[in-house]
Structures are given as C-alpha cells and as structure tokens.
Amino acid sequence: MTDHADHFEMKIPAKAEYVGVVRLTVSGIASRAGYSYDDIEDMKIAVAEACTNVVNHAYKKTGYMLLSCVIREDRIQIIVADRGESTEVSSLLENIGPIDSSKPVSELKEGGLGLFLIDTLMDKVEISNESGVAIVMTKFLHRDGVEQHVDGIPTSADKQEQGQKQ
Amino acid sequence: MTDHADHFEMKIPAKAEYVGVVRLTVSGIASRAGYSYDDIEDMKIAVAEACTNVVNHAYKKTGYMLLSCVIREDRIQIIVADRGESTEVSSLLENIGPIDSSKPVSELKEGGLGLFLIDTLMDKVEISNESGVAIVMTKFLHRDGVEQHVDGIPTSADKQEQGQKQ
Amino acid sequence: MNLDIKTEHSKEEAILYIEGEVDAYTAPQLKEAIEPLTEKDGQLVTVDLTNVSYIDSTGLGIFVGALKSSEANNSKLRLVGLNQRVMRLFSITGLDEVIDIEEGKKEGTQ
Amino acid sequence: MNLDIKTEHSKEEAILYIEGEVDAYTAPQLKEAIEPLTEKDGQLVTVDLTNVSYIDSTGLGIFVGALKSSEANNSKLRLVGLNQRVMRLFSITGLDEVIDIEEGKKEGTQ
C-alpha cells in the first residue's frame, strides 16, 4: 500500500435542502474511486445521516457542514464535522441499535436511527469532539469482488448481519 | 433584493478525473437554487472549462482547484480559482472567439475554445489574478420565465446570439 | 433530490404514490401527505414506494410516526413496491417487523 | 461521468457509437478511438453522438483534430445523432460550419 491519497474538502450551509448536494458530491467522488453501486448508495446514506445531524443538532442558529474525503488505495475516509458547541459526544455510539419490535407501537421513537445506520453501513466509524462534532467514516475498497479482512475489520456484509442481529 | 446569500466552498485535487465531480456538485447547487435545465447545463460546461484550465495550465506539478459558489436571490456566482503562478491573465478574455471557418482546415486550432464558451454560456465573466488565477462567473436567475435585464447586462439568450455573430 | 407525491382515493383506500428521494429536506412533505390520512378511522393507507430511489432515517421516522398515528386512530398503514435498496433499510433497522410491508412491484389494490 | 465507445465496421464505413460524457478526463479515450480510423485513405468515419449527454471544449477539440487528420489523410468524418444541447455547442463555436454534422436520431448508414 502506498502513501498516496487524494484530498477533498467542502463547506456547505447547514440546511436540510443542501444535504442532497453533499450526497451528489460524495457519490461522484466514490464513483471515481471505483466503488460499487451498493457501496456508493451506502455511503450516500451515511454521509446524509451525518449531515442531517449537523443540520438538526449542531447549531443554535446557522452554521456550516464541513465535509472532507480522503481517497486511499484501499479505502475512503469521509469526515463530516461542524463547529457547534456540543460536548460529550464520544458516548453517542454506545446507545445505538435498531427498532425494538417487542415494544408497543405507541412507544416507538421516530428518531434515533441515524447513527445506527451510519455504523451499520460503513466499515469503521469514529466520533470525536474538538471544536464541534466530527464523525469519521471509513469504507474499504474491495477490488474485483475480493473481500478483504484487514486487522479483523469486518466487511460491509458482516456489518450488516451484525446490525440485523443486534 | 435582500442581502441574504448562501456560500459554498470546495477544494479538489487538480486532476482531469475530478472535473466531473465539480460538475455534479454545481448542478446540485444550481438545481436547489431553482435554475432551469438549460441554465444548469450551461453552468456545468462553464465550470468544467474553468476547472480544465486549472488542470492544464495552473500548476507545474500538482495542486488544487478551488470552487466557491454564492447563491443570491437573483443570481449565482461561481468562482474557480487556483494557486498557480500564472501572471498577466487579465487580457485572456480579449482574444477569444469561435472557430474561423474561412481558414483552411489544416490551420484550425484544437484548443482555445474554453474561455470563449465560458464567456458565451454565462451572463457575466471576470478574471482576476492574485495568488493564482480566479475566474468569476455569474448567471442570473430568471424566475417564471421572465427575462430580467439588470443594468443592461444581457440575458443568456442575448449572449448566445452575440457569441454566434462574433 | 426532490419528491413528488400523488394521492388516489378509492372506496375505503387511500393510495399515495411517492417518487424521488426521501431525506431531511423532503420528509416534511411526505409527513404532511400521510399523517392526515392515517387519522381517519377505518382508513386503509397504502404507500407505493416503487419510484423511491433513496430513503434515510428521516424518511423512516415518518413511517414510524404514521404507524403510531394509524394505531392511535384505528386506521391501517401498508407500504408496497419497495425496491431492494429501500427494503434493505427497513430490514436493517428492524422496521420490517412492525410495519406491514410488501416488496416488489405490485400495485396497492386490496 | 464516463464514456463508452463501440466501433462497428462495414464495407467502407467505420461507425463509432459514443455513450456518456466527453470531457477532459474521457476525451483521450475518444481521440484514441477516432484518430487511427481517420488515418485510412478513403475511409468514411461516422461518429454517432445520440447517447452523448455532455461535451465541452476538450471534446470539441478532439473533433477538430479528427477533421484535420481526415483532411490530411483523404478520409471523411461525419457526426450524426447530436441532441439539441450538443448541437448548440457546435453552433456556438462555429464548428458546425467546418464539420459535416447531422442532427437528430438518424443512424449512420450511407
């Protein structure tokens, strides 16, 4: 693996109407990086969830969503960040999961699936909290249909099953 | 007209393979801003020409294309800039024009149509030269098919004719 | 990036034909179209997703809300025509176990 | 954002079917497909642009190059099937006055 990487950065007003623009951009970048249709669709959802969280939770008034992408030979890293004032977000990934179908319908929540989807659809997800929230999402590139297990990191197929069984 | 504006910024490796990503992004932004199919297609070409120039002319080795878009109520301003070392670009727009069909075929040039297309397809074009080249392209928004002449600035229809007659 | 919604009413059934992408921007439009229908006692509300190419958690949340409303108001909600990608999201999130869903291209007739 | 090129050879004619977007990234691929054909004496080279959705100056430049090559090598170049948007670019730049162009959806048969 070489050290070569292509870097992309983008700054967009944190408004729901522009989340679709970020999806378009990411699908273009991922397509150039050689990802399959399904992987690209997964990334579009993950990045849209992260952006929607910025729109809904990061700022009291207005602000920006900050997207950066790094393409490496075997992976793409997508970072969605904001400059909001949220703190203690590192535990966010601990309380996620699918719908609990044993609950009565009236107790189901309409939200709370965003981070769970991100975690399920991407290969590796980290959240950090410096000046605002940053969510770092990684998807590995499996060339020619060969599944790669690097350091025991599950492929997207594993992840999905894992998600369904939780 | 209010002072409200939405700002977008993007930084992409100056490689031919990524010009299509910029086209996608700009088409998404322009679509959200309410432009017609034809206007969006015009903008895609103009922005691709500007990016292709960065790829071909700006850097000795590698560098970035810098895109910024400003959406205002009545116009979109798209700026494509680089951090190359080119100087004296302010006169570039003076030597542009279509193919001269009176010339023998063997003397036709294969290049040199990029800036001419930008100038023809956009409503207003300026080139500046600070730390690199910046090309500022404006397209007015004609809501409900009503043609607006602001300060005698020609609409795209006028421009196109003008281009063909040059 | 847009959403187009057409509503058709037959005897006891309301069918919504949804076309486009359901995300944080377009979801409010979907909510506005579905919710009033689910509030009618005995109503069968069929949502045809055949032409939905994209949906994310905000869109899924609208269907959870519609399900809750239909239960509270004694109406019935069903989703039909989901393509593989859209179906996959309902499975991953476990929503396929609480919402009445029919995959494939069948039209929503009783 | 990609380009797909298929070549068909009949008696005296080579037909290229181009599909996709012709820009700075894909133009070299187009050049590689057209140029060798225009270098054959007496060859009629028909380029079918029916499925080209986008072209910019780099793509137009490839056709100028092909025209020059066909003149130098005594072959013939024609473009067919241009949609309105693509045709418009050939008109704006004046290329429609030097290149043999046929608009619309007609197939490239002699």
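Chains here go by letter, A, B, C and D, matching the order in which they are written, and residues are numbered from 1 within each.
The rule we apply is simple: contacts are C-beta pairs under 8 Å (C-beta built on N, C-alpha and C of every residue); 3 or more make two chains touch, one makes a residue touch a chain.
Chain labels with UniProt names: A, B = Serine-protein kinase RsbW; C, D = Anti-sigma factor antagonist.
This one's a predicted model, so the numbers in the text were calculated from it and none came from an experiment.
Visitor: Is the structure still one piece when chain A (Serine-protein kinase RsbW) is ignored, or which groups does it split into?
Guide: No chain A (Serine-protein kinase RsbW): one piece.
Visitor: Pick out whichever of the two, B-D or A-D, is joined by more C-beta pairs in contact.
Guide: Comparing A-D with B-D, the pair joined by more C-beta contacts is B-D.
Visitor: Report the inter-centroid distance (CA atoms only) between chain A (Serine-protein kinase RsbW) and chain B (Serine-protein kinase RsbW) in whole Å.
Guide: Distance between chain centres: 32 Å.
Visitor: Distance from the CA centroid of chain A (Serine-protein kinase RsbW) to that of chain D (Anti-sigma factor antagonist), rounded to the nearest Å?
Guide: Those two chain centres are 42 Å apart.
Visitor: Distance-wise, how many Å sit between the C-alpha centres of chain C (Anti-sigma factor antagonist) and chain D (Anti-sigma factor antagonist), to the nearest whole number?
Guide: Averaging C-alpha atoms per chain gives centres 47 Å apart.
Visitor: Taking the mean of the C-alpha atoms as each chain's centre, how many Å separate chain B (Serine-protein kinase RsbW) from chain D (Anti-sigma factor antagonist)?
Guide: Computed from C-alpha means, the inter-chain centre distance equals 25 Å.
Visitor: At least two other chains touched by the same residue of chain C (Anti-sigma factor antagonist): list those residues.
Guide: 1
Visitor: If a residue has to touch 2 or more other chains to count, which residues of chain B (Serine-protein kinase RsbW) qualify?
Guide: Residues 17, 20-21, 24, 28, 32 of chain B (Serine-protein kinase RsbW) each touch two or more of the other chains.
Visitor: Viewed as a graph of touching chains, is the assembly arranged as a line, ring, star, complete set, or other?
Guide: The chain contacts form none of line, ring, star or complete graph.
Visitor: Every pair of chains that touch: which are they?
Guide: Listed in label order, the chain pairs in contact are A-B, A-C, A-D, B-C, B-D.
Visitor: Could you list, by residue number, the parts of chain D (Anti-sigma factor antagonist) that touch chain B (Serine-protein kinase RsbW) in their complex?
Guide: By the definition above, chain D (Anti-sigma factor antagonist) touches chain B (Serine-protein kinase RsbW) via 1, 21, 23-25, 54, 56-58, 60-62, 64-65, 67-68, 71-72, 85, 89, 91-95, 97-98.
Visitor: Using the touch rule from the top, collect the residues of chain B (Serine-protein kinase RsbW) that touch chain D (Anti-sigma factor antagonist) in their complex.
Guide: Touching chain D (Anti-sigma factor antagonist) from chain B (Serine-protein kinase RsbW) are residues 16-17, 19-21, 23-24, 38, 41, 44-45, 48-49, 52, 55-56, 98-101, 105-106, 108-111, 113-114, 116-117, 120-121, 160, 163-164.
Visitor: Would you pull the chain B (Serine-protein kinase RsbW) residues touching chain C (Anti-sigma factor antagonist) in the complex into a rising list?
Guide: Where chain B (Serine-protein kinase RsbW) meets chain C (Anti-sigma factor antagonist), its residues are 28, 31-32.
Visitor: What residues of chain A (Serine-protein kinase RsbW) sit close enough to touch chain B (Serine-protein kinase RsbW) in their complex?
Guide: Listed in rising order, the residues of chain A (Serine-protein kinase RsbW) that touch chain B (Serine-protein kinase RsbW) are 6-13, 15, 17-18, 20-21, 24-25, 27-29, 32.
Visitor: Looking at the complex, which residues from chain D (Anti-sigma factor antagonist) come into contact with chain A (Serine-protein kinase RsbW)?
Guide: 1
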